[in-house]
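Working notes, structure below.
All chains are identified by letter, namely A, B, C and D, in their written order; residue positions are counted from 1 within each chain.
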Amino acid sequence: MEVCTVGGFKEVGKNMTAVKVGEDVFIFDMGLYIPGIVELQEEDLLTYTQRFKSKNQHKSGKSGNYQKPHRQPQYTEERLREFGAIPDDRVLDKLGWREKVRAVFISHAHLDHVGGVPYLIKRYPNVPVFATPFTMKVLETIAEDEKISLNNPKKIVQPNSVHIVKGKSGTYKAEFIHTTHSTIDCVFVALHTPEGIFFYALDLKFDNHPTMGAPPNYKKFKEISRKNVKLLILDALYSGTEKKPGSETIARHLIEEAIAKVRYSKKAIFVTTFSSHIERLNSIVEFGKKTGREIVFIGRSLYKYVNAAMAVKKCPFKKHVKLLKYRKQINSFLRKVEKQRDKYLIVCTGHQAEENSILDRIVKGETTFRFREGDNLIFSSSIIPAPINIAARDKMDKKLKRIGVRLQKDVHVHGHGSREDMRDLIRLLKPKHIIPAHGTLQQETPLIEIASEFGYKFGETSHLTSNGKVLKF
Amino acid sequence: MEVCTVGGFKEVGKNMTAVKVGEDVFIFDMGLYIPGIVELQEEDLLTYTQRFKSKNQHKSGKSGNYQKPHRQPQYTEERLREFGAIPDDRVLDKLGWREKVRAVFISHAHLDHVGGVPYLIKRYPNVPVFATPFTMKVLETIAEDEKISLNNPKKIVQPNSVHIVKGKSGTYKAEFIHTTHSTIDCVFVALHTPEGIFFYALDLKFDNHPTMGAPPNYKKFKEISRKNVKLLILDALYSGTEKKPGSETIARHLIEEAIAKVRYSKKAIFVTTFSSHIERLNSIVEFGKKTGREIVFIGRSLYKYVNAAMAVKKCPFKKHVKLLKYRKQINSFLRKVEKQRDKYLIVCTGHQAEENSILDRIVKGETTFRFREGDNLIFSSSIIPAPINIAARDKMDKKLKRIGVRLQKDVHVHGHGSREDMRDLIRLLKPKHIIPAHGTLQQETPLIEIASEFGYKFGETSHLTSNGKVLKF
Amino acid sequence: MEVCTVGGFKEVGKNMTAVKVGEDVFIFDMGLYIPGIVELQEEDLLTYTQRFKSKNQHKSGKSGNYQKPHRQPQYTEERLREFGAIPDDRVLDKLGWREKVRAVFISHAHLDHVGGVPYLIKRYPNVPVFATPFTMKVLETIAEDEKISLNNPKKIVQPNSVHIVKGKSGTYKAEFIHTTHSTIDCVFVALHTPEGIFFYALDLKFDNHPTMGAPPNYKKFKEISRKNVKLLILDALYSGTEKKPGSETIARHLIEEAIAKVRYSKKAIFVTTFSSHIERLNSIVEFGKKTGREIVFIGRSLYKYVNAAMAVKKCPFKKHVKLLKYRKQINSFLRKVEKQRDKYLIVCTGHQAEENSILDRIVKGETTFRFREGDNLIFSSSIIPAPINIAARDKMDKKLKRIGVRLQKDVHVHGHGSREDMRDLIRLLKPKHIIPAHGTLQQETPLIEIASEFGYKFGETSHLTSNGKVLKF
Amino acid sequence: MEVCTVGGFKEVGKNMTAVKVGEDVFIFDMGLYIPGIVELQEEDLLTYTQRFKSKNQHKSGKSGNYQKPHRQPQYTEERLREFGAIPDDRVLDKLGWREKVRAVFISHAHLDHVGGVPYLIKRYPNVPVFATPFTMKVLETIAEDEKISLNNPKKIVQPNSVHIVKGKSGTYKAEFIHTTHSTIDCVFVALHTPEGIFFYALDLKFDNHPTMGAPPNYKKFKEISRKNVKLLILDALYSGTEKKPGSETIARHLIEEAIAKVRYSKKAIFVTTFSSHIERLNSIVEFGKKTGREIVFIGRSLYKYVNAAMAVKKCPFKKHVKLLKYRKQINSFLRKVEKQRDKYLIVCTGHQAEENSILDRIVKGETTFRFREGDNLIFSSSIIPAPINIAARDKMDKKLKRIGVRLQKDVHVHGHGSREDMRDLIRLLKPKHIIPAHGTLQQETPLIEIASEFGYKFGETSHLTSNGKVLKF
């Protein structure tokens, strides 16, 4: 068995791994690297601004012929590669593996796992893409938005199902095993090969008390361990953290508290959270209803994910919310909110103060609504600790505080497992080899230490690798 | 109204405040400063060690005449003052207030609030001490342990009750209002005086979903605000923290998870937590029972608090646990544990790796039990962030890990409220003046900032003070 | 003696203190609050952008009638007040002090001390402004840039000189005592009044081995202590830090090292540092000369400060540098650098990655020069730890690293004294009272603790205050 | 070429690497792991204490037959192995390398490099040990103290000298190249083999302005790069730190400042620093002399190192200090200091508040001297950031402050190079392969990133390894 760790082993993002057994290659995930996308967009914006500036300086008189770039440009494979925004799968060409790819498996619907498919999949014609219903729907939505047609066969698989993939060197059984994380329809993929099982465990967060769906399928993990698990690729992002994040039940409880606090307010109530976090949104709606207000979701990415969940009938709060997508709709709705602050509970984008999110635009005065003293804003999120987010939120929060908006922050538990979860999975699966994934070398390293508690030896049975490397087992 | 902030305004500990209205003075809390006690003990130990060393060096031959100090020496008022372990209430003599004290009110059973009473109360002969049943019982236990007789009248008061105190300049109504914190029977004390209400809010943690008893009596807070709240003394310990600690319901949930993880283990199971935290202990017992093991509590301070809770009939798990106090009993019990590891779930002292706690003694090999690979230890606590604790736990944890003990840490939510709780109380009470308490100047300062959000002006309606100062209102 | 702490007691910036003795009032410093300015500018930019956007959206066709705002708008007193960018000296009107102001003393040339003068001084007609030559020159430059004429009498004073100010209630001696900080011509001001000496010690950094000029005038401090120092207002910004910042001799040494490392490079060499730090610039020039390259200073604020230093004949490196101010000049010069990278050593603005600084513009591709692999950039500065700076530098540094620019960072010692310096001054002056200044309450608080080491008692002889408060002594 | 990374690749300490070329093996360093030693000592102490306690409890009446353990027990190889205090060189037996060892090279005199030799060298009979004069002298001193006789041939080599070692598969040239660190006589070892140069660069700190001796031999590094440097083993301890530690010239300057501050004090003056840091001690003596006081060094480890430096004639301050070793001498001397505080400047051990160091014993009252108010203590060190040190110093510092001792801390620059130094060496040597050493995986990882700036690829030309692993090149 050979493994090529294509992407996500040097950064948080653009996850992609390929496995070769005999003449057959399998790909796991094709994600995006968001900071690369952001940079690409900024460069575009800069080019645009400079073009404008130079026009202005030269007093060319008319800006009529100026072409404002599409808000969401169609990214080309080339530009995405230039900015390192997609995994560099050209290594598979060099290895002669590309032609041998028999299937692409997508673990879940987050962009760092599924977001690269629209741009890369055409390089693997006719190779089927396997994903759970929600994940597949999100994939289709992204492709549509980008006006890319996906021509590969789409195999929609249920969690806890098994599928057969025929290869040249044999027939493979792919098991999609339900796990919990911070969106729905997440699976670990266990590929049964003649040389043993390849187990792909990204992303990891074990929640024994989810508020939607079942806990992770521990029984299956144990069952599999009785066969020969040759290699475990494991989400090591929080391997440096001993403290276990709470269950989503705890987040639900925090949401309950936060909304209870503002229930009798006559002022506006806004909540912001991760758009793909259907379970969280469900809790927000559940307690939001108790305020007696109409619940309205606004923002593009919220629309994208919630709509996908509805489409696959995994959106329990479907009937209780209104979903607004287009800027016009949103502006006209916000005008109503401005006047009748106590009629709506708004769930919106912008928890990281992202440029052009709903919150960002409101705070900058670019919408028809303005926050006033006593309005309420609940952040069901924590700040992703990159300097850009810290600075953006710092600025936003200061403005909101000055206005007198009542903020509740960190009404949240995060979605990646800690050391304890990793220990559990290792204990259950008993793999021969372990490779930490989903981060920089520095972030992956602590998993080597954890593995050593179980007797894994660095360089023998536990391994650090990097993007584009091949390891043989 | 004059206020003398006697202790706890320069450190975390030895809380004590006195209020004077006309010719009548009232005292709120008389706590200990634990680091002072520790230092005093160390000094004693040192003296003892040196005496031994010098004997040994001089080869005096016999150690028979050597007097080992009592494990728990009787502290004298003088020595406690020398080491700053009790509030310096001699300031009341200087002010001429001592003779005018009409009542002492104790807020709750933690040592930094009640622990100084045995050593100081004799300076206030005949002055009644008011406390809730549990607090009073703990006070009596401490006094007994120290062989001090408490001769002052003891007034046992129920939470949410009102008592009249007669003074020289009038008659005062003392309201004991139920609040939540991290032990039971906690109250805020509102003293109704002719000049307005003095409100003593130490310690603070608002829990709307406690697992035992009711949430804080918000209704009463609101009611009181309609009268004239002249001054609020407020626990500001965590005023620098925006993040709200979770409800005890969350801790209960974490306990459930932690115990579920080890339920089927055949090895030893130990849990350690704060001895006074009856609510937490209740959750531990609740889920501990599911392991089918016998639950045994060992350690002196556990004995002290749990026994007090039993005595006042506030220990719901009374029938489900065995309580061991004496070293002999404990050693004989631990011998059994050594042999039948899967028969007991032991709750013990030592979460901070305190010298001479049960865990400390086990790890140092001073008991009849030794941890082995696979044994389980749950810390339902977090490390109190002082260098001494960090170092002690670091050392203990390393040893335990080397042995292969399976640790679960931080199965805990902490017991002091955050900024949000302080905002809530200020909003509800609308006091004229605010004084932050329960910490160093540095720790109290952020409350001034919070108060300023509500329009309080530093130096006019919000005030920083220090030990031994007097402020007039 | 009454003291009104007008500004700089709630933030880092807009320092201003007023002292009243009898019928005479004296003002110390009138600074700007830079974050307020930044916000004001952003608001302006936003307005401009939105205007543009809306035009564009409405397809008004022509942008010809659009008025781009002045790069550096003329700030009005009103707008500056609105954004809290200047001290709120209207409190002096309320107190009836404004008419009684006899003199304004400026401590040094940093904007948070002198920058508010142009906007506020007209409220104090005929009141003389006292400043050292460099400080006065900088003040004049700012006023000119803003097209404000300063009509008040200007009193240029030498460090270590004494001046008499006549008041209604007496005649006052103002002593301007040389101290070290991070620009030149800094003084502490000691105002001798009938009621004792008022000592204004902002900003503080004691350097016993400066590379230009003399160490602080310790002798004078001691001498003064023999008279009655009633009150010391003391820069407490770093009172939380035990570690002493190194002397400027150390910075000089670090500069030597950093430049030695790149001396034989054939690529571009850029250095960036604080524009007002003449002493540092002198070291950069001293070792820069050894590279044999021509040394060119570019950037507006560098021009402003260095030009002022030249004007007052306190610029030892005058003959060794070329100073470019205008964008055209700079662009044409950078075009030459692009071609002859090894001919110039460029000192430029932008160490905090400030918007529109030279570095910012180069990195964004807005100039005629682009960094290439192997070019050298020395940051003789550390990042001012505000989220906005951290994020801006993080982004800039990442870009530079990706290009392959060789960065040397933190070639710097900072310019505010630590606890040790404060202890020294207290020891030397022995003032009766101490008020910490130059920060938030949180930042000032540690000085109270330091003072307590010397026996000062909080609330009696050491005092915390806030903007706009009055204290009597 | 095969490399076995025996020790120091999983921890900071017990450095040891073996290289095999053909039939010849070479060892580089044999260090101790200090925390292992500490633990061993504690265990011993515990055993002793328990024995005492049990005696006491059983009232055996006499302590006369009790055997107090030797203060400094003779450690056996077995016990040292048990506590992981020496590198596990038994791997060389397994590899069949032990018999092939031709030479042992010691880089410098720190215990984590030379301290294991006395316990391990007998396993390599007749194998010569190469070390610089100071390093060899320190080695001999340790062995003497431990009463171990070193029977291997000792080869004393000068920095910047070359020596020939004959092997079975060829003749090797070992070059000992002068480098700077935080003790004297430090070398990098370049072993010229038929397969290329093996370059051992532990420990690293490049100081271009040392206060004793020459800067690192950069010329030689460059020269060597022209040959084929196959492998570089590099001290990566501070590879996570961008900030360059200052030159020792800066430390000298800080010492000057610190001593100047106390020069006219009539109270005691103590200075404490790293005992092996001859260069630092030299600066302390240089400026200490200006106080006119007699300079006395006290403490065992100071004696050990300074005496060794004197023996090899590398102690420039030889004539200016008195060196006390024995407890009796020290006590009698301290009695004099107690009475004549202004006559002596004492340099002593205990900067980390180590148990039984001079400072520790003074502060605990175990000597004939006690600190009093106004006494001066200079820490020419920083706290090594392990919890045990932090806690010990926290406690010591608090006690000293309470007494009123005037502390100056962090009068220090540290002795391991930063990223910049590593970049320099890589740039100069241009090795084919790089292995980070001297730390945990976590600490070594950042060097992989630095190497990647130069094009090294992880897993191909840059390598992470662990204790006991073999890599082939």
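Here is the rule we go by: contacts are C-beta pairs under 8 Å (C-beta built on N, C-alpha and C of every residue); 3 or more make two chains touch, one makes a residue touch a chain.
Computed from a predicted model, the values in this text were never measured in an experiment.
K.L.:
Taking each chain's centre as the mean of its C-alpha atoms, which one ends up farthest from the centre of subunit A?
P.N.:
When every chain centre is compared against subunit A, the largest gap points to D.
K.L.:
Using mean C-alpha positions as chain centres, tell me how far subunit A is from subunit B in Å, no decimals.
P.N.:
Inter-chain centre distance comes to 44 Å.
K.L.:
On a C-alpha centroid basis, what's the spacing between subunit A and subunit D, in Å?
P.N.:
Computed from C-alpha means, the inter-chain centre distance equals 48 Å.
K.L.:
Could you tell me which residues belong to subunit C and also touch two or more other chains?
P.N.:
As it turns out, subunit C has no residue touching two or more other chains.
K.L.:
Specify the contact topology among the chains shown, as one of line, ring, star, complete or other.
P.N.:
Shape of the chain contacts: complete, all pairs touching.
K.L.:
For subunit D, which residues are in contact with subunit B within the complex?
P.N.:
Contact set of subunit D toward subunit B: 46, 50, 56, 59, 61-64, 68, 364-366, 387-388, 390-392, 394-395.
K.L.:
Contact residues on subunit A for subunit D in the complex?
P.N.:
441-442, 445-446, 448-449, 457-459, 464-466, 469
K.L.:
Can you name the residues of subunit B that touch subunit A in the complex?
P.N.:
Residues 208-209, 242-244, 246-247, 249-250, 253-254, 257, 260-261, 401, 404, 408-410, 420, 424, 453.
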